[in-house]
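Both complexes below contain chain A, partnered by chain B and then by chain C.
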Partner chain A sequence: MTGDDGGTAAATTVVMLPLLLVVLTGALELGVLRAVASRVVSAADLATIVAVNDQDHGELARTGTLRLAADAAVAAREYFARNLSSTAPALALSPADIAASADIATFPAAPSVDPRTGVRYDHPTLRLIASVPVRTPGFAALLMPAVTTITIRAASSPR
Partner chain B sequence: MTRWRGEDQGLATLETTLMVVILVPLLFAILEFGSLTQRWLAQDGVAVQAARYAGELGGDRPELRSYVQQQLRLVGIEPSRVIIEVEPAFVSWREPVRVSLHTEERVTIPFLLTTKIAVRSTAVARGEISR
Partner chain C sequence: MIRRLAAFAMAITLMTGGFASAWDPVEQEPEPFPPPDAPTPDPDAFIIPAGLYYVTDTYVADVTTSYGATTTYSTTTVHESTGTYARVLGNVDTGASSAFDGMAFNGRGALTDGRALAGTYYENFVLTASGYVPVSIVFFRDDSETRRSASVPSPWPGATAATTISAPGTTAVPPPALTTPAPSVVPQFPTMPPTPIVPGTPIVPGTPIAPVDPVLRAGVALAPDGPTLPSAEVLRGRSIQFWPRAFANDVVVPIRSWRLVSVWPDQISASSGSLEPLTAQWIRMPEPDVRWSLRFEITTEAAPRALLEAQITVTVRSPALID
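On to the complex of A and B.
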C-alpha cells in the first residue's frame, strides 16, 4: 500500500512539476511585461504633456488662445525617447528607434477627428501611438516569442 | 500494521518538511517581489509628477522637495529613505530637467536570502520658465 502511494505521488509530481513551472514562468513574465507597459505608458504620457505645455506664447498673448507650438511633435518624440531610456534594458530596440518610429500627430484646430483612431478632440491635441517591442525571455523559454510588442497611445491637450 | 503506520507518519513528516522549506520561500518571494513592484511603480508615478513640477518651478526648489515628500507619503513610501536628484538645479525655458528618485528596498525570503534591491525611477520634463 505504501509502495502504491509512493508510486502515485511520484507520478503526480512528475506530471505536475513541469506544469507548475510553466505556469510560474508565464505568470512572472506577464507581471514583468505589465510593469514595463506601465512605465512605457508613463513615458508616452509625460512626452505628450511636455510637448503641449510648451505654448506658442506670441499667439497666447495676441489672441488668448492656447495653441500647440510648431515643433510640438518633435518635442514629444524627443521626450518620449528620453523617458524610455530608464526602461531600455527591457526593450528590444533602442529608445531612439522606438521614438523615431512612433506615430505622432498634431491636431492644431479644434474640433477635429483623428483619422487613425476615430477619436474626436475638442481642444488642440497632440497624439502619440507607438509599438514598443519588449524582451520576454520567460515566454521564449516556453517556446513563445522572445519579443512581445505592446502598442500604447497617449494624447494631451493644452488647458 | 503499527510498523506500516509508523512508516507513513515518517514519510508525511518528511514530505511536510520538504514542502514547508519550498513553499514558504516561494510564497514570501511572491509577496515580497509583488510589493517591491508596487512600490517601484508608485515611485515612478511620483518621479513623473515631480519632473513636471520641476519644469514648472524652473528646477530644484524647496517646494519641489516638499511636494515629492508629500507624494511619497501618499503612496506609502517613507520619504527619508528616498534620495532625490534634480539635474540641472536651475533650468531655463525648453531645457530638459531630470528628476531621479532612488531608494533601497529590503527583500526578505525565509530560508533563502535577505538582500537590498536598488529601486530607481527617472523622469525627464522640460523647463517652462523663461528666465
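On to the complex of A and C.
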C-alpha cells in the first residue's frame, strides 16, 4: 500500500461509515424485533393452551366430549397479558392493553371454519390474534417509525 | 412392803365391789333390715326368641279370590311398622294339622272340601320392660283350589273373577284386642271375552300374567347421576371419575360391586369397588387414533347373582397448537 492508497482508504471509510452505521443499526434492530416477536408469539401460544386445558366438565359428563369452558376466552386473555409482562419494556403499550385489544374467538363445536382466517378446525378450538406494538428506537434513529406493530396468531385445541 | 400394800388394796377392792346391772343398748335393737335383694332378672324375659324380626308388613285381611274354577286363599298386608316383632312358628300344608290350630286370632280357614288351608303361622311380640312378650298368633293363608273341569264350565265366556276380603283384625298383627271387625268386601270384575293375549293387547284385570324378570343393563357415566356413555374424551394428566351404573327396567338400582376387567390406565384409584367410582389418569399420550376400552363387571343389589358388563371407550387428548 502506498501513501496515495492510504489516503484513498481513509476517504472511502469516511464516505462509507454512515452507510455502515445505518446497515448495522438496522440489522441490530431487526434482530431485537425478531426476538421480541418470538416471545410475544410464545406468550400467545401458551395462553391458548392454558385456556384449552380448561374444559367444560358438565358437558363432558353429559356427552363425553371435550368442550371449551365458557370462560375460555377470558382465561386466554388473562394469561396472554401475564405472559407478555416479561416483554413489557420492549412494548409500546402495556400488556393489559394489548391483551384487551386482542381478537380471541372460541369455536366450541367441531368442525368449524374461522371466518377471519378461513382455517378449518376439526376440534374445539380457541384462536387468538393480536397486534403488538414494539418499540424500535434503532429504526427511529434512522428516521423510521419508532414503533413497529407485529401481528401474531395462535390457535390451540385438544388433539 | 410393796407387796403387802398391793395385796391389801386388792382385798379392799374385792370386798367393796358388787355386780353391776349393765344394759347393752345395742343388744336390744332389732336386727337391721337385710339388704334388699337385687332384682334378679327373669332369665327368660330378655331372651330374644329365635328367628325374631321387626315387623314391617302388617296383616290386614284374609283374601279369597275366585277366578274361573280357581279359588285362591291369600293374605293382604300393608307396608307399615307397628313397633312389634314376630317370628315364624311354622308352615303347614293343606289339610295338615298344626299345634297352633285354633290359636290364631284370624283362624285358619278351610277349602271347600273341608281341608284346612295351607299357610304359615306367625307369633307376634311386643317389647316391654320385662322383655319380648308374645301377644298373638296370626295365620297367613297361602293356598288355592281348582274345581274339577267336568263339573265346572269353561271360564270363557261368562267367567267372572271375584275377590272376598275378610279381616278379623284390620289394624295390625298384634294384638287382636285392638282390632275391629271389618265387613267382607266382594268386588266384581267385569266379564271378559275369551281373547288370547297377544303382544300389544292391553292387559285386563283377572288375566293371569307370569312374573317377568326385570331387564338389567349397566353402563359407565362420568358423574354419579350422569348418563351412561359409550365413549368419552379425556385430557391427558387429568383425573377422571368413571361411575359404573346399573338399571333395572331403566330404573337406577344400587351397585353392589364393580371390577375393572380390562387393561388399566396409567393411574387408577382401585381395580374394584362398590359405591365409589374408579378414578383414572392417563400420563402417557397414546399413539394417534388409539382408544382405550374400559370394561367393568358389575353386580347390583337388585340381582346380586347377575354379572353385568359395562364398557366405555376413552380417547385421550392433550391441548396442542394448530398451525
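Some observations on this one:
Note that the second predicted complex is superposed on the first by the 155 of 159 C-alpha atoms of A that agree within 3 Å, B and C clash if a C-alpha of one lies under 4 Å from a C-alpha of the other, contacts with A are read in each partner's own complex, and residues count from 1 in each chain.
One rule holds in what follows: a contact is a pair of C-beta atoms (placed from the backbone, for glycine too) under 8 Å apart; a residue touches a chain by one contact, two chains touch by 3 or more.
This structure is a prediction, so every number in the text was calculated from the model and none was measured.
Taken together in the superposed arrangement on chain A, chain B and chain C fit without clashing.
Applying the stated contact rule after C-alpha superposition, one finds that A:S156 touches chain C and leaves chain B untouched. In the superposition on chain A, contact is made by A:N53 with both chain B and chain C. In the superposed model, A:S86 makes contact with chain B only, not with chain C. Once the two complexes are overlaid on the shared chain, A:V119 sits against chain C while remaining clear of chain B.
Residue contacts after overlaying the shared chain place A:I98 against neither chain B nor chain C.
Of the two partner chains placed around the shared chain by superposition, chain B is the only one that A:A75 touches, whereas chain C remains out of contact.
By the touch criterion defined above, A:V40 lies against neither chain B nor chain C after alignment on the C-alpha atoms of chain A. Superposing both complexes on chain A places the Cα centres of chain B and chain C at an angle of 90° as seen from the Cα centre of chain A, in steps of 10.
Of the two partner chains placed by superposition, only chain C is touched by A:T63; chain B is not.
When the two structures are aligned on their common chain, the gap between the nearest CA atoms of chain B and chain C comes to 7 Å.
Under the contact criterion defined above, the residues of chain A that touch both chain B in one complex and chain C in the other are 45, 49, 53. Residues of chain A that touch chain C in their complex: 45, 48-49, 52-53, 55, 60-66, 119, 121, 123, 125, 154-159.
Considering their complex, residues 1-2, 6, 31, 35, 38-39, 42, 45-46, 49-50, 53-54, 57, 75, 79, 82-83, 85-86 of chain A touch chain B. Residues 221-223, 226-227, 229-235, 312, 317-322 of chain C are the ones touching chain A in the complex.
By the touch criterion given at the top, residues 4, 7-8, 11, 34, 37, 40-41, 44-45, 48, 51-52, 55, 94, 96, 120-126, 128, 130 of chain B touch chain A in their complex.
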